[in-house]
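In the two assemblies presented below, chain A is common to both, partnered first by chain B and then by chain C.
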Partner chain A sequence: MDVIPYFLSGLILGSIYGLTTLGLSLIFGVLRVVNVAHGSFVMLGAYAAYFAFILWAWPPFATALLAFAIGALLGYLVYIGVIKPLNKAGELNVLVALFALGALIAEIARLLWGPDFVGYRWNIGSVEVAGLQIDISKLAGAVLALAIALSLDLLLRRTYFGRSIRAVVQDPVGAMVVGINVDRVFAASAAIGIAITTVGGVFLTLFIPVGINPYMGGPYTLIGFVIAVLGGLGSLLGAYTAGLLLGVIESLGFYAFSVAGFAEPSEMALFLEFALLLLVLLFKPTGLFKL
Partner chain B sequence: MRPYIPLGAYLALMALAFALPEYSKQIASIAFYMALGQAVNIFVGLTRYVNFGYAAFLGIGAYGLGAAILYMPQLGIATIPIGLALGMGLAALLALTVGAIALRLRGAYFAIATIGLNEGIKHLIIGANIWGGGAGLMLGSSMFKVYGRDLALFLANVGSAALILLTGLISVLAMYFIQAGRAGYALAAIRQDEDAAKVMGINPTRYKLLAFVTSAVLSGLLGAAFFSLGNMQVFPENVFFIDYILDGLAVMFLGGAGTVTGPIVGGLIYYGARYLVGIYLPGLQSLITSLIVFLVMLFLPNGIVGTLNRRSEGLRTWLP
Partner chain C sequence: MALSLQQLSSGYGRLQVLFGISLEVPAKSIISLLGPNGAGKSTTLWTVMGVVRPWEGRILLEGTDATRVPPHRKVELGLALVPEGRRLFPEMTVEENLLMGAFTKRAREKVHDTLEFVYALFPRLRERRRQRAGTMSGGEQQMLAIARALMSRPKVLLIDEPSAGLAPKIVSDLFQTVKRLKEEMSVLLVEQNVAAALEISDYSYVLENGRIVLQGRPEELAANEHVKKAYLGV
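So, the complex of A and B:
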């Protein structure tokens, strides 16, 4: 069966999708804000990986630490500069401002780094699994993504900081009454959320050797939202699991569309994801998993 | 509300397009921004929900007219009304489908559904190779053959400008009639408190859907007038372009969301700003646009007309 390699590669890519969406889900879960600038932070992470590799020969996993720091700083600024002042004015204002911010970041990236597609290849060998040659870099990325998802979940369940986040999610006013600094929890969640999104962008470059571009964020925003809704907006492990699922659906969809003779199977796979989003919103808007 | 000044502005520009056909392209560009903001405003301004996918309606409307011109040339001049009806019908169908699903849900979910809409439809057209797929529709030679050279050029210049202005005018009227009737009260209640509105026996989904479909149909008409008729071509990468979403938001919020004069004022200023940026900072138009939207949201969320309207009763009546 030649479906199995597609399934496997979908699963591996899905792990990265899941990682990328954790940030989106965390921010929605805590702040009740949809980060519509999501794709642009993925793009920033991808460029970080590219430049660190080209200029300093950093392996992407080292760049991930740098990207986390950059993302955390940006996330903090987004909270202080956009979400906090606009939240009172209403959801519409926050969403539109974030959308414009995402476009602004993409335009600044184009100004600095040009509109061309760039990329790099980090070759550290490959292993054969079920007849499929898998790059070790991709496999390691997928495993590391799983590890990050699990540790974030652990952080939320087992630490004081995690408990204060969950308290704010359940009841912001109640959390304030028992002495939790809600504002700080919001700021930290935005910072961690966007930091993880940026790290996801770093990992993603392992899969798109020539796909880094200022405007690459668009499809990843769509993919991120499909996953976040599939997993139940705000649920972390739900998002990660839905990421795996979507990776497999995308990969098998690509396979099915190319067998069916479509000229652009990857475009059809993206349409399939959008159709899936509408179906989930129609039948189960609270998500598929209870995690 | 007395919408005579905004309606008069569109009629005056329309007369100008007929009187000075050599300037009709410039008039069409200005009018495009006004009508875009106006059409977006019907949904966003009346419901305070955000639609990040309306470029999809522009595109689908353009495809409706484009397909009619290219695939039904035997119909002659009737291709235009049939194509416009087809474009608007497709836009309505798309809006009904997405709206019926996503407008049952609250703001965040709806925003998510629409942000994928534009990309989703674009990928369907390219991926399934519908209507020329990624290569798009070239209408020039077909229009010359069907309408004759002179009429085709007149339609592309003056006709397109007039139709764009007509879209703006209909949008003002639509906004006026929606607000004047029962739907206006219902939407005002929904804007203030959706749960309370529900308790009062209002069906929020129905009125949100009314505003959404109206906005989508007018966006479809605008897309057909601007791309198919005016540019004589429809490219997927061109019509499903994220920048039009930012343009519409910039025009609407600059002028004032929920006002009918706002998009006219916003459209004029926005066109002027883009024109100047094009001369002095070429290549930075999109950067400036996103910066404008961002700064307006932070510092002037009610827009120019919206802010002025809060100052005086007279302004609110005559510049609604």
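So, the complex of A and C:
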């Protein structure tokens, strides 16, 4: 009966989840670093969308370009300033430093923009799909997110630059000896990864009309981590597909638990996600979609 | 001289492995570097390639100082390494691995000719071109590792223990192939299979505990008492 609309809205939200996780997955695949500051870059993207909309009336898809540029610059700086100097000292050091960086970014955001929840609504009409009114903005966001995921995958497969990234993922020393500048690949991957994460934050605002806040990033780090592991860390299309799956599970889980009415549905949806993660880790630790 | 090492020292962290190694690789020759496990043979090749940082001494490539040149620039200058452990890209096909070997600008321009050249050298690789590298047999992977290094059109090829883990018949085929490479380039060959290496070498060095302890033409080394006892088992 009412399942189809929930499924559809799950797919749409999942597409955005998939997009936000691409960057996490790319950074892990290339640099072998879990970007635990992930959520803070999602948050920066969300604020970019908010301010560009209320100050200059920019539609979020235009802001996405700006957010990509900002994210790329920040990603490059994070590589040069944090990951590169600490990598020799060990992964744990990088992890701790990124965690601290994430917290620092959130605190700076609070100082600059205050602790309150803000948001905006970009209304460009809606269409009826399977008996469900869907905002065109959300639908367009989902389609664009898919397009970005596919283009990134194509970039990795078809260009020399993309192949050099794949080579570093598969064997960094092998990449070095065939003449790839591995340091440059690291820097570029951090830049692209965080750029896409920031763009994901912009897209996310289409779904959270009052949910922008300096500390909003935390859950997205968590969800991003679940998605990236489900998809097989380092596998981009895997991450995207796992994002879709998670969106659907979240939406259907929410539906099921609202009908059942015995628990807080959104918390239970989160429970479902982690239960799935646990099952995957137990039975297919390389992820659902690893080639 | 295609490649010369002058008093080269290096190591890992604080552990010094190489203590002032000097050796010369003339143009169009096969030079072998022999020695027991842990002597520092692989470390020598990693250091020449620039993957391991040299501590002291100099590396000259065709007479030009290349001591501090990073690996990707060395490939551009004409140095290629078939590393210990092969270091293939396991999820890529044979042909994709070969194309990665031609990553540098210089090699990219001639990639089709070079591909034909390595397929002619290793027909097996042509048959397997669509197979994923990670699923190939040890011997096939070794061929692919050599072929991938050749794709960069090197002037000096460094090969680390191509015989490791391979059946004797495959080893002798592989060594015949290496010998043919001499027409096009210089080879610095690291080997533990001393008898096989001496057969195709023009000149050899013996490395023990990070120092060159012996050197000479193959027939001189084969006649040396120490080499006979320690490496040839006679």
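Here is the rule we use: the second predicted complex is superposed on the first by the 287 of 291 C-alpha atoms of A that agree within 3 Å, B and C clash if a C-alpha of one lies under 4 Å from a C-alpha of the other, contacts with A are read in each partner's own complex, and residues count from 1 in each chain.
By our rule, a contact is a pair of C-beta atoms (placed from the backbone, for glycine too) under 8 Å apart; a residue touches a chain by one contact, two chains touch by 3 or more.
Computed from a predicted model, the values in this text were never measured in an experiment.
> For A:84, decide between first (touching chain B), second (touching chain C), both and neither.
In the superposition, A:84 contacts neither chain B nor chain C.
> On chain A, which partner's contacts cover more residues, chain B's or chain C's?
Result: the larger residue contact count on chain A belongs to B.
> In the overlaid three-chain picture, which partner chain does A:226 touch, first (chain B) or second (chain C), both, or neither?
first
> Taking the superposition as given, does A:282 touch the first partner, chain B, the second, chain C, both, or neither?
So A:282 only meets chain B here.
> Check chain A for residues that touch chain B in one structure and chain C in the other, and list them.
On chain A, no residue contacts both chain B in one structure and chain C in the other.
> Of all residues in chain C, which touch chain A in the complex?
Against chain A, the touching part of chain C is residues 49, 51, 70-72, 75-76, 80-81, 83, 86-92, 96, 99-101, 103-104, 107-108, 148-149, 151-152.
> Spell out the residues on chain B that touch chain A in their complex, using ranges where they run on.
That would be residues 44, 48-50, 52, 97-98, 101-102, 105, 107-109, 111-113, 115-117, 119-120, 123-124, 126-129, 133-134, 242, 245-246, 249, 253, 284, 286-287, 289-291, 293-294, 297-298, 301 of chain B.
> Inside the complex, what are the residues of chain A that reach chain B?
Residues of chain A touching chain B: 28, 32-34, 36, 82, 85-86, 89-93, 95-97, 99-101, 103-104, 107-108, 111, 218-219, 221-222, 225-226, 228-229, 233, 257, 262-271, 273-275, 277-278, 281-282, 285.
> Spell out the residues on chain A that touch chain C in their complex, using ranges where they run on.
160, 163-164, 166-167, 170-171, 173-182, 291
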